[in-house]
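In what comes next, subunit A is part of two complexes: it sits with subunit B in the first one and with subunit C in the second one.
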Partner chain A sequence: MTEVTTLDTRLAASPGMVDGPRGAKPKRAISPRNVFIYGTLLLFSVYYLLPLYVMIVTSLKGMPEIRLGNIFAPPVEITFEPWVKAWATACTGLNCEGLSRGFWNSVQITVPSVVLSIAIASVNGYALANWRFKGADVFFTILIFGAFIPYQVMLYPIVILLRELGIYGTLWGLILVHTIFGMPILTLLFRNYFTTVPQELFKAARVDGAGFWGIYFKIMLPMSLPIFVVAIIIQITGIWNDFLFGVVYTKPDVYPMTVQLNNIVNSVQGVKEYNVNMAATIITGLVPLFIYFVSGKLFVRGIAAGAVKG
Partner chain B sequence: MTSVSIRDLTLKFGSLEILKSLNIDIDEGEFLVLLGPSGCGKSTLLNCIAGLLDISDGQIFIGGNNVTWSQPSERGIGMVFQSYALYPQMSVEGNLAFGLKNARMPKDEIAKRIARAAEVLQIEPLLKRKPAQLSGGQRQRVAIGRALVRDVDVFLFDEPLSNLDAKLRAELRVEIKRLHHRLKNTMIYVTHDQIEALTLADRIAIMRNGIIQQLDTPNEIYNRPVNLYVAGFMGSPGMNFVEGELSHHSEAALNFGSTKVPLGRYPFASDDRPGKAIFGIRPEHVSCGAAASDEPFSVDVEIEVVEPMGADTLVWAVLDGREFRFRVDGQSELRAGQTTRIGFDPAKASIFDAQTELRL
Partner chain C sequence: MTTIRATAATQRPISLFRNKAAKIAAIPMILTALVVFMGGTIWTVVFSFTKSRLLPKAQFIGLDQYERLWSSSKWGIAIENMVIYGLCSLVFSLVIGFVLAALLDQKIRFENTFRSIMLYPFALSFIVTGLVWQWILNPDFGIQKVVRSMGWESFSFDPLNNQEIVIYGILIAGLWQGTGLIMCLMLAGLRGIDEDIWKAARVDGIPAWKTYIFIVIPMMRAVFVTTLVIIASGIVKLYDLVVAQTSGGPGIASEVPAKYVYDAMFLSQNLGQGFAGSTMMLLAVLIVLIPWAYMEFGGRQRD
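Up next, the complex of A and B:
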């Protein structure tokens, strides 16, 4: 019986039910499960971090110290000379301006490519997800099919196309190529994200009198920051790290950083300056690395959001 | 005056007919509920009226204008959705103003309308908040407000209460009814909840597979369903159905097993009567115990299960080998295993042709 005054619903104590475990089950700190999880994590961390460690350490040594051959040993005498040389005076072919010129070329290639490709792909994705126009499925299939064609097949035809357009060997030619090749995967990304936005929101906006662009700019854009971050990361790292298109579609004075890095590292004349090579490689990789660190959290959230529905 | 008029509306997706040549006329200020199970086309019909779906054939008139080809925003409708569909990045005020800004309305007029809607719906303290900071009930109120500020003739509700918990649903239901009394707009309301339909509607349209089964007042639909489907769909617990033979010797009667129900008091719609028929009686039209003997028909049944529900108790019994439910008041002392006498007035029953399932 429930006591009205105390709201006590227990029956009178019955014998034999008092002893035994009570409350939360205790957890052991060192269990096979934990050992396995943390052991694996540790192993893979070392596996991935060791090369980075060697690179940083080597780039801070002078050449005499490197010749001793202890690649894991920390530098006895720290020098930043190789970094300065890699950035400003390392020679590729005839000019000796280091990576700095390649860096600015890469910036000039990456920024417009990223902005253009994302702007177009997001509108594509939005149209495909929300405005079911005639032939939408065919269009989408063709676009996705484009993602599976190996780049090598299209290398030469594109050379001809760019030549006919008169932009072969220029920055804008490369920007155009990057924008087009980013289209399939980005459109897919945006389409999948926009299909997760409730259809009723879109309907409500239509009842409220918003049109194609009104809904895109006022409703969809403000809601899709995470997926834009994902797209930006994919594009910046992809375009920044691109080597193939850079070496095929540009000329030496507009080479992107990756091509220049290759030319520095793979030069066959003179002594191999390992410290300069290491420094140059790290400098080239800094941009994607920076992007990952800054946007890691948003990246994960965006990937998760885009992955809910396909 | 007719507010919304639907003429031969047909919707096809490929070869699949979703809505089949529907005709509805809705009077000005009327509250029409579209009721049916999921997949019956009721929400689709609402979307067609709103202009969110292009129809395959037919015409739609709203306020005397042919809006068949008009954009949703030009039709003079406001719509409230199940998931509220508030724009998450805008404040409540921004949500209310969005449609008006799109219509390029002057700022002071927008402010005036928002103030009025906020007052009607009592959401003034919430105007600066974002939708994420509101409870479900508050969100739905804002969603209604968004339709309200546009000063439209017709409100469309697409299952607006389905996302709310039972208590809030009951509260908001009354509020919508009050709102209707106050605004006197035409309202079209889609739901699968028959309580909502019965409480709110001036008229209910029961739909199934894209066809309207019955369009009538709640009372008429509940007490005189036109076919077996409507009879079975309305009411919870549902109507008891018994299949039997109609005999029409000296007095009409229904025979099943060893039981004979006299139908002299039943108002038959026509004289054309087939042999096989289905007899239906609602659980609450059955009386039990001493009162049963006063009814025109009474019989002994064995009680199988008793379900007390607080206000009343539902009893599952066996009548001549068939399951039979009836409702008694909550204080009933009936227990499983007992035998009791039940009775009812056949005038309150519904009888359907076993073949066509239409009311006789």
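Up next, the complex of A and C:
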């Protein structure tokens, strides 16, 4: 009997613990220092979490409830209609097919772009780290400088380039653009990683007669799976979230999801349906959020590797 | 001479023939560096001196495009916004990022949870960020209405429809998206500092805040420089967020240079203005980049 009561009190106490992580032993925990630390962190957490909360809550309400109620209030009557509408029938001003088309366009853009950019950049990084040739550093320096040049400077020359290649306005044009602009950061990432691979290993393989590609596929590739995962994370989130290249280099029927989302929400026609807009916004954010929460520490490692080493 | 070369070749198997594979493999990189990055940049700079409108035309008119650019009020507002947004975002990102990192570095509980919460906005696109904050800042439904309905009838907080403060509305969203990254970089920097430094400071009786300001921060110079470069390049690139949140409005109050360039090139068939604007953006980046590159790479080569 006593055990049951203690369990009950513990359960009753737990909600309080959830919203205030002040530790198990209140005696030690409530010092002015800890109150300040956790107080500040909680305050900022509210700032960071609020938009996600508002997005979810709004997307589950009906329009009458939104008009009358408070945007921070949880939905009284949960409805998934806005989600269905955002996915299948929301209008962009040009068509009323919802986000589904943009989603599939984004998938068709992201998958080949990620594969192509990583394949090229990893080989580049490998060549720069292990097979240095004369002038390689010059090209590499230009490449890294290129990462800092505002995209606007290169927008139009690339339009001309893609037009000459006959792929302006197509998915492949955009894929090529993503491959080009992913190259600096990824090449840097791979080059830095491959230089840390012990030279003895590389030399031993050379003595055994393995060539450029042999060493790449048999030694470097299997040894560097974590860095490939990091590169995949960087690229998926980056390409999925891109807006500028999508709007410049594609035509309306192949617009990626971000462009279509913006067109749905900021379209001036008709009555604004805020719940549908927020549902559409969440749906667009789901893929990078999923990558973020699944990859956890690797995501942090990816941005740290990409940023600090640069 | 030939004998030396022959021995060199036997000692180091990296002969011209064998390295051919590496050279072929590097062709995409070489093309990107030379054709797109260098070629494209030079092309844009050259054509910013021409009379191009709907199509690029090699009819040189000197600095006319730049004169028109700097006399346009839209560009003036864009530059002013970039400066305000830039300064605020620099200061707030560094301060918030560092403070949060320092708090997370106090061996606290739930560190990973807090870090996940602060970093997740960075995974979201600027479009998503802009649209959420557009909704939260909506005067009829968002924060303003909630505060008013709680009884403070005269409360006014409507940055997105007020020309004077619209850029700060964008700043709130920009900081929400980007400070997590800065916090993460700073935290990595703090973790890289030797534990003995802290012990020594404690033994000497130096208070924690003084240790941070006079010992730790100077030691994190490299991290600060990197974050500075990241924030600065983010400021110049600012585009999607504005498009999603305000579309440059109300009126032209929240225009930014990147948007000016896009509009000139692809909406108003005024390529020359777009080229001139983007060249100015390039110039702004070079002013930040060249001293940094000099410090970073100049120093690295000496090592």
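To be clear about the criterion, the second predicted complex is superposed on the first by the 254 of 310 C-alpha atoms of A that agree within 3 Å, B and C clash if a C-alpha of one lies under 4 Å from a C-alpha of the other, contacts with A are read in each partner's own complex, and residues count from 1 in each chain.
Rule of thumb we're sticking to: a residue touches a chain if its C-beta (ideal position, glycine included) is under 8 Å from a C-beta of that chain, and two chains touch if they have at least 3 such contacts.
The shown structure was predicted, so the numbers you read here are calculated from the model rather than taken from an experiment.
In the superposition on chain A, A:R206 makes contact with both subunit B and subunit C. In the superposition on chain A, A:T284 makes contact with subunit C only, while subunit B stays out of contact range.
Using the contact criterion defined above for the overlaid structures, shared-chain residue A:P157 touches subunit C, although it does not reach subunit B. Counting residues of subunit A touched by each partner, subunit B versus subunit C, the larger count belongs to C.
Residue contacts after overlaying the shared chain place A:P198 against subunit B, while subunit C stays out of touching range.
When both complexes are overlaid on chain A, the residue A:F243 reaches subunit C alone and has no touch with subunit B.
In the superposed model, A:M223 makes contact with subunit B only, not with subunit C.
Shared-chain residue A:A88: touches no atom of subunit B or subunit C. Residue overlap on subunit A between the subunit B contacts of one complex and the subunit C contacts of the other covers 206.
Within the complex formed with subunit A, the subunit C residues making contact are 13-14, 18-19, 21-23, 25-26, 28-30, 32-41, 43-45, 47, 56, 96, 99-100, 103-104, 106, 108-110, 113-129, 131-136, 138, 141-142, 145-146, 149, 176, 180-181, 184-185, 188-189, 223, 226-227, 229-230, 233, 236-237, 239-240, 243-244, 247, 257-258, 261-262, 265-266, 271, 274-275, 277-279, 281-282, 285, 289, 293, 297. Across the complex, subunit A meets subunit C through its residues 21, 23, 37-38, 40-41, 44-45, 47-52, 54-55, 58, 66-67, 70-72, 120, 123-124, 126-128, 131-133, 136, 139-143, 145-146, 148-158, 160-161, 179-180, 183, 187, 206, 211-213, 237, 240-244, 248, 258, 261-262, 265-266, 274, 277-278, 281, 284-285, 288-289, 291-293, 296, 299-300, 303-304, 307-308, 310. Against subunit B, in their complex, subunit A makes its touches with residues 198, 200-201, 203-210, 214, 218-219, 222-223. Subunit B meets subunit A in the complex at residues 47, 50-52, 71-73, 77-79, 81-83, 85-89, 98-99, 102-103, 143, 146, 150, 158.
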